[in-house]
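The chains carry the letters A, B, C and D, assigned in the order they are written, with residues numbered from 1 in each.
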């Protein structure tokens, strides 16, 4: 997954983008980069690791300009190497162009092969490079037209920011998989993956970039265009609500925290149990656990303490570290758990191994009964639209029934939300979500891995 | 404040100490170090920053030995420079000795002047260096005797670990200001500031190092001695319960999380208010807010979301960063707060500036009423025993009444626990706490700064 | 300028390439890189700075494989940024391919524009990227054929190494501008810019890669092909003799040291003067000064001492540093110079500013007369074939007569070799040199800058 | 060995010291540091490695002040760790004091034991720390008196610089082992190990600090005192002439380059041989080889080319690297050597291993005869006064006759200067040199290692 942020018309564009990336750090901790335009040239700096570690004052001084885009990345496609960090800058017939991409293309391999057959060369393993090649073709046409044309060639999820020497372009795919919002602060325009980035530097939320919309900012102001492609229905990623987005963000027009509290309440209503306390797996399970406890009338407690000097489980790429990481990251509060019947709320079970370790940890801390409640349906299918999930083989719910999973993790009971319960809230007219990771109903053709 | 950890009799002593420092990272993020002994020599590595950044695999390879001590530091005395990082290693008549110190001496300046008048030289600004000079004197006596003798010269708080080539010594001052516990894992002994460090590597809690106790581990096993000094009463730091220790730790024989929930309950009982929701200032206010909400029968919500990619407010040394840090660190969830009467629970108000910013932030997010509840009495006096507090002048409660403070921070109401309410729990026989930061009753003579 | 080295069929291919780069460090100090192939994939590491600083043991461990190519670079085209470091690795229809290029293409801008017009994108400002695009075209043909075809499209100087997962290819342009030699050590083949790289790891010199030759090493051994293009005459860079190559190397079949001693002797024969001592501008002027002194029967002395902890003047990119650098780099030995008539031998005068500073320095050290002797003709024209020379405007000899230059630098006399004297040695049959920097007779069309 | 430099009364004291360290880099490449005084406090920065790598612009900004001292170090006593880098800064009864020390104390171990017995603690393994303890004693006396008193306690070699907040003190031991000179530039005073440091920033040489002299610079100007100790004779290190100092420096009132040319001439006169060419082992053997060739009437040639991207053999601490280093560092020019009778001039043979490799290298390059000539007597005894020599056991000349050494290195002949020939030049009245490394006549009592 990735976070993107762009700023147009500010004397400290790079600085605002830097802050935006700070706010979006939860969307990717592998690498980050900023590209700026000052009307004459594009400058860029990328590095591996956290935003706070990559950008020093010295680096920021080398990024002047009134427009800038930034990217924070977790590897969904491509290896973990610097040449895969974004923004990705290319030089082509019309000069320089930078791109920052959140999402994943489902026909990238096919397009890449076609491009390579036509003589194109690639220097990274990112599918975003495919975009660049498509845009560089037919340079006699306008950039806007070439972007629109490229968007018709690609399939999959893309919230994009482009940066020219003196222009910024935002694009969201017609399905609207990934969020992308517009804010304003004085005369400065801001585009970001989530509203929390707007909050950080005091920009006010204007509106979302609509699915299929192309917005161009340049000296003449902001202009909007629509991609000609109209899919039968949209496909907003429901997993942004369940796990990915920051709870203080509004995503797809709803507050993420409230959504998660709602999932917890729904869980308590439909999947109740006799228990003494409700605890979350921190931090992602906290709002749902609060909702569960409130609905069930049970005490909410922080029975597992998280060591915040370590990164997010889900987002760490190396299995070997992750295993040890559970102990490094979570420690039970024995006095809270001892001889208690405990409801444990988490947002998902992926491979089941982390969950199993947590159950064992709670058991050893004295919990009498452990009732696992997941604030989403079982994750059975890989995501091809930008979220880093393992292959089907590794997803425990793909091959195990709920009972079998319960046994594997060692809990006394395990309940998920059903797919119906997932949509307990009122959808807006014409609104539709992608829930392919639960149902396998992929909105576009994919090769199941 | 600092965290210390020691390991005796393990093939991977340095590795266990490293993990212990990881668990104690919340006690100090400025620098960290490890010293090891292999029976023949002492090796050492220190660096600035977080444990995870300082110790690479390469560094760990250079720290062989069966005993090791480690230290993670936040500057309480001395500047922020590498030569102030601990463990501090000295060479003296009897060979090499390393020290790791948690606490603060109240007569260090006086002792230092006396030592300097006698020709001693100092290479750091740490008061721990005073200890070393005192111990190096009269080398013809045994190390144990010299440590005991040095402890009689110094005043103030000290939980200490010493490391020789083949021995480890733990000392806790007669007042028992700072915690220090002993754990065991097989034949390996572990000493650490908090029990959460024992948990991380699976050691079982044995007992606390008693106030005034000196424990020596060497080839002949573990032996305990008592310092001859017997103060009239002990002085366990109550602020470890309120703020400093990790909630999953047991400190002074009580679970910290439970203590904080208790403070919240006490607050709700004695300082109730009409409200719609209870929210904590995360992370430190969470358990007390849970207690408050439970006792008051109000919904608990995470109305402020913390960005964990930034460090702790309290612990950041530069005022200029801290101001900006509130925005960087906390973001309100508008949908939760809008038009609500909100009880906000935090553990302390130091200068009042951060609190003021939080109240403003909540106000702008739509909160109708803001009722600040602090799970401790007003902090009116500086700590001289190891906690980094500003001078009296900077402490808002030293010069402002509760009403004035309430006005300054802009809340609708502000209530603290009284000093009596702070001790709602049953003290053990002979148990006494240091609450000087609230009362000014310093257990030892100090020069008020 | 750049140095390249490749190794085929060695268990420690990367290590040998590393040593080769060490030996070729004088050909470029801006960046260096190594790519390896292990039969299955290509790995790569590049960095800014010196070989010794870029490649640690950790890095080397990540470069397994039986074939490898390396590159050490000084910017001749393109900015000073990491993305311009080589080897340059691309992914195209046929897999991965790495390239290391010494030289400069004279039609790169034109080709680049054509490629961009056809939709190609570029990610660096190196003209070597043009090669990659040309090779990626028409992927249905064999790699050898595409390389040969690409070589017919480009103009200018190129000594190239390509690396596939299990193959290495060496190419030298038909003019033979840059040297490229083949060595052998047991069953291992080595290709390098200069023979000094072969010496370092004990390989024996086999033969040069001939101008226009394409050599492929793969499992079936080594095969040679010739490019169809046959220029009327070759164009070996005479400046390799004068300045660039290491004196212990054999270049174009002659020992560089001997050539330089010969230049010095020729200078003494044709441009004698009355003097007391002969001193070189170290290090480049040493062999010619030895030759001059021997021929003239004058004492040779090291009247200027070089501080070797600083880099080469010619090769440092920043004017501001270079100016100070003369003082940092050279210090006169007063006792040697005082009241002496001094012949100073250097290999070239570029802008004249460094030379002027040296003359001033010698004057202040007490030299009575200063007779500057340059072991080459005046540098009047920029090089477009890989040597970093400034524009015509900056070349003092382009706008100043020898007398004017002499006056500018403040010497008592100044003499150069004539163009005839430059070729005092016997050329082999059909041998021809590029001396365009002296004569402006560029072997290929160029746009004078 | 070490280089030291101090500046008093300059707005950019740290910058001048930095340049001075650059010029003295040949005296030590292991670590370097600068301490500055601004009238109120002392600041300091030290690091491992080369001056150019340690001091960035950022670091220099943090070193304001009008007086400064610097140190560049090669380990003679103590391990290779940062805490052994100098300047060494201490806090004692009278405030802060920094020290930079070139030389080695012969009674450091004894003094250290005495100090430790008195309760002193040590944090480094440097004997310079002993000085600091001695000076800190009896703080009621003036700093000058305490320095003088400390100098009477220590034995051995010391050229010292002290820095207070607003004062600089230079001290040279009564024997005068190590050089120390005073320069002036406007109102700024400069003190440095060698005159080449004065040259670099345009200071003019004033005079040497005399053996036994203590010079204090403060607001009242410069004042000179003499240590009461008067040894029977001085002991200037003759090895500074032979190898250590930079040839462009004047040391002990003589130009080093001229001295080395003189050694070469003496060698040729007293130890002639039939030969075709004379070559140096670069760089240290160059002046002597020039002298030999001139005297013998033989052609001087650079038959071995040095790769300057590697450090000095003598100064590299790790044996394992050094062995490989000969190949990395030196490459023969075959065309010069082939079928020739070669005189090879070097300054010393230490273990004999490097020399043996060089002879083998020349042999393989085709030399018909190899006549080794050393511009000094055989090195038979370790130095205890600051030069890093191995133990007696490792010195080949300590256990092998010249014939045996010749056989070991594989030369056709080997000749050294005799001890008499070493002093071919006129000594000044009362001048005496330390030649203990050749004769074993140590001017002070030492424990032979």
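FYI, contacts are C-beta pairs under 8 Å (C-beta built on N, C-alpha and C of every residue); 3 or more make two chains touch, one makes a residue touch a chain.
Since this is a predicted model, take the numbers as computed values, not measurements.
Undergrad: What is the chain whose Cα centroid lies farthest from the Cα centroid of chain D?
TA: A
Undergrad: Would you mind pulling out the distance in Å between where the CA atoms of chain C average out and where those of chain D do?
TA: Chain centroid spacing, chain C to chain D, equals 36 Å.
Undergrad: When the centre of a chain is set as the mean of its C-alpha atoms, what distance in Å lies between chain B and chain C?
TA: From the centre of chain B to the centre of chain C is 61 Å.
Undergrad: Find the geometric centre of each of chain B and chain D from their Cα atoms only, then give the gap between the two centres in Å, rounded to an integer.
TA: Result: the chain centres lie 49 Å from each other.
Undergrad: Give me the residues of chain D that touch two or more other chains.
TA: none
Undergrad: By the touch definition up top, name every chain pair that qualifies.
TA: Every pair of chains meeting the touch criterion: A-B, A-C, B-D, C-D.
Undergrad: In their complex, what parts of chain A are in touch with chain C?
TA: 89-93, 113, 116-117, 119-123, 125, 132-133, 136-139
Undergrad: Please name which positions on chain C make contact with chain D in the complex.
TA: Per the stated touch rule, the residues are 19, 22-23, 25-26, 50-52, 196, 199-200, 246-248, 250, 255, 257-258, 261, 283, 286-287, 290, 294, 299-302, 305, 307-310, 327-328, 331-336.
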